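Below, each structure is written out as structure tokens.
Note that chain A is present in both complexes that follow, paired respectively with chain B and with chain C.
Presenting the complex of A and B:
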């Protein structure tokens, strides 16, 4: 089981990977989304906010409703945002549950692919 | 619900029914009528619809347990095992490509009938290119447009049926005379094709306020489609000579001409175009997303997980589907064997529905503690009926058309070989490459925090 701090660190690593990739900033200029990251086995919640191509990470739930809600166990979330595993496998075996439009889910997967590669 | 955007029941019904409505369903409807003696096609269609409601209930329970766009891949993986789920999903995707092939053939014949100077191949190329371009550019049919399209189509079909039935003063030839029992079973088996794809709406489970909306939407869609198809088919066979309908890939056009002349043809062409475009689009989206996610999972070569930097779409997967779809369509155009594809789809769909019934039963035993927002009442009766009846229907198709059994068995063998031989090798290569390329970041972060 990962800790809340480990998930925070993994999201920080994801954030840094995103920031380094200028293409991603450009590509997501018109994709303004609020994404909740929720652990199912520990009390841990984070919010990813994409605004005009800029990504920010904060702890806890957002003030407004989200576009995507990503829920999984803490281990999977930490591995996922560190890029140690791809989202597809846990998604296809039901460990990772994402609520939101299919296009947004796909876009999130694309972002992860561009940050971490295959 | 913490989500901003959610879909309504109206859109779920429109999407479920819209994915089902296609040009090749008109051909299948005539085939259904051909198995029966009088104007009793409605009986087979309503029975097919009723059986499909058992499948819809099963999908409702499965979808409530695991609301995911992964659909049958996830349901069957949990109920049986991942290998079987992958084999069945792959085969199903190939069959969907076949349906697209049959669909493009029927649509090309319709357009060729109206504008004979343009060869059918040009129509097929144009349609595929348009839908592929839309998919590469990431243009989607919006919920509102889907509503207009589906409800417009349904109303048009009902209007055609009503006009035709008025013309014959609602006088039907033996509306209850089904002929022999074998004919009825075959008619019901083929009737299942009319509902192919109603369950493709389950990926939208991630976009609704409550999973019950998807279950309710599927049931409503099947109910509406059953009545519409039943009336349309009876009206078609009651007003147009059966011999002409049975031998034609464009029976609906002949029907439209016989009751409304050229105006009817124009109206029917619009209906056919709308029905086909939604089917093409849904087919291309489903299969290309499957190909993309399979490549991401290292089940297919990584080349299929390439994405367009500009449009955020899996362009290599879309292009691959374009090439395969075009090849299938050309093969159908040359051989004119579109009916084989319709029968293969009917049998495959029956297999999927039978497995869905079995999956519900198995998961109730395997995971009794898992929360089920929707649970089919009556213990195992409905999933049992679903599994049994759809097995019988698949067998009926195999007995009537042994070539279908041959094709499905061949497809199953190839998919099994691929999953057992190629997939482990692809995964092994990926693991080796990954281990050599990058150490686990999380582990490194842990180590560095320890040393600090």
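Presenting the complex of A and C:
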């Protein structure tokens, strides 16, 4: 089991990976989304906000309605945002549940692979 | 009589059967759409196994390429592995030869392609031979893989960048259900209005629009301005649709039988049946030689727009 702090640190790592990849800013300039990251086994919630290609991370729930809700156990979330695992397998086996449109799910997968892919 | 059967995840509205003679052999070629029903496709493939000379898989890729790397779609492999005896092909072997040759033919024999011609390839990893041929002809190519498969407004402009992005994405993306990346079943019959409007500029800026016809059709803006479309798998109704959309001409890379150009999977199935060699022993040179014997050339239809 990972802690809330570990998930926060993994999201910070994800954020830094996003910032380092200049193309991601350009690629996501049309994709303004609010994404909740929620652990199913501990009390932990974060919000990722994408606005005009810029990514920000904050603790807790957002003020507005989220476009995507990503739920998994704390360990999977930390592994995922540290890039130790890709989202595909946990998504396909149901460990990672993403509520949102299929296009948005695909886009989130894409961002993760652009940061952590080979 | 040799029988080649194409099982497609696409719409059953495009089902068709023709009989043709090729190099003194009679062929019955059938296409059966499964309307996106993956399990039904699996069952049909198992029924056909051992009953026909070759099977084509349509509406899905098994393999896509970027540079010297090949990526296999999990769903495509699952379908292929359902067939134990009959050779089964997805057209990717032929795309690397026939479609590359088609661009070279147009370059040498027409004025449609020249240095600097603006080309939109709606997707390139499924037609890497064609993508390389356009690059070799020094065309100004936009590879639309991210735009149309993932909805990301990022035009890829060089093959090295396509290879780099493919290496990051495809090992994982190919594990996803195929329908998340490509229009299957009923989606093939409708246009994606939102994306067609959002990405219209890419079509309008191009002189040539090339690649998979279902992608081309699904994201086609309301009006074109005389562009050349290079594709295959078109029916008489598709030709009418392209004319009404304002396309200038249609070039099909596969031969036309009874008014329609079949998909590369069907034609690869025909060639495999004609070659009569174990599928794994067939080389690109075998394909090139038999294409030459058959005198397959791109078909050009002027649409008078």
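Following the convention adopted for this analysis, the second predicted complex is superposed on the first by the 117 of 118 C-alpha atoms of A that agree within 3 Å, B and C clash if a C-alpha of one lies under 4 Å from a C-alpha of the other, contacts with A are read in each partner's own complex, and residues count from 1 in each chain.
The rule is simple: a contact is a pair of C-beta atoms (placed from the backbone, for glycine too) under 8 Å apart; a residue touches a chain by one contact, two chains touch by 3 or more.
The model shown is predicted, which means the values in this text are computed figures rather than measured ones.
**Student:** Quick check on the chain A-based superposition: chain B and chain C, clash or fit?
**Tutor:** Taken together on chain A, chain C would clash with chain B, as the superposition shows.
**Student:** Is A:67 touching anything from chain B or chain C once the two structures are fitted on A? First, second, both or neither.
**Tutor:** first
**Student:** Going by the contact rule set out at the top, does A:82 touch chain B (first), chain C (second), both, or neither?
**Tutor:** First partner only, chain B.
**Student:** Can A:57 be said to touch chain B (first), chain C (second), both, or neither?
**Tutor:** neither
**Student:** Which of the two partners, first being chain B and second being chain C, lies in contact with A:42: first, second, both, or neither?
**Tutor:** neither
**Student:** Does chain B (first) or chain C (second) touch A:29, or do both, or does neither?
**Tutor:** Only chain C; A:29 stays clear of chain B.
**Student:** Please tell me which partner, chain B or chain C, touches more residues of chain A.
**Tutor:** Residues of chain A touched, chain B against chain C: more for B.
**Student:** When the two structures are overlaid on chain A, which partner does A:97 contact: first (chain B), second (chain C), both, or neither?
**Tutor:** first
**Student:** With the two complexes superposed on chain A, say which partner A:107 touches: chain B (first), chain C (second), both, or neither.
**Tutor:** Both: A:107 reaches chain B and chain C.
**Student:** In the superposed model, only one of 109-117, 199-207 or 253-261 in chain C has C-alpha atoms clashing with chain B. Which one?
**Tutor:** Clashing stretch: 253-261.
**Student:** Where on chain A do the contacts with chain B and the contacts with chain C coincide?
**Tutor:** Chain A residues touching both partners: 23, 27, 86-89, 92, 102-103, 105-107, 109-110, 113-114, 118.
**Student:** Could you pull out which chain C residues touch chain A in their complex?
**Tutor:** Residues 146, 150-154, 165, 167-169, 171-173, 175-176, 180-181, 198.
**Student:** Chain A touches which residues of chain B in the complex?
**Tutor:** Its residues touching chain A are 1-5, 66-70, 73-74, 77-78, 82, 138, 140, 203-204, 206-207, 289, 292-293, 296-297, 302, 305, 307, 309-310, 312, 314, 430, 433-434, 440-443, 445-446.
**Student:** In the complex formed with chain C, which residues of chain A make contact?
**Tutor:** Those residues of chain A that touch chain C are 23, 26-31, 86-89, 92, 102-103, 105-107, 109-110, 113-114, 117-118.
**Student:** Taking the touch rule as given, give the residues of chain A at its contact with chain B in the complex, in rising order.
**Tutor:** 6, 9-10, 13, 23, 27, 34, 36, 61, 64-69, 78-79, 82-84, 86-89, 91-94, 97-103, 105-107, 109-110, 113-114, 118
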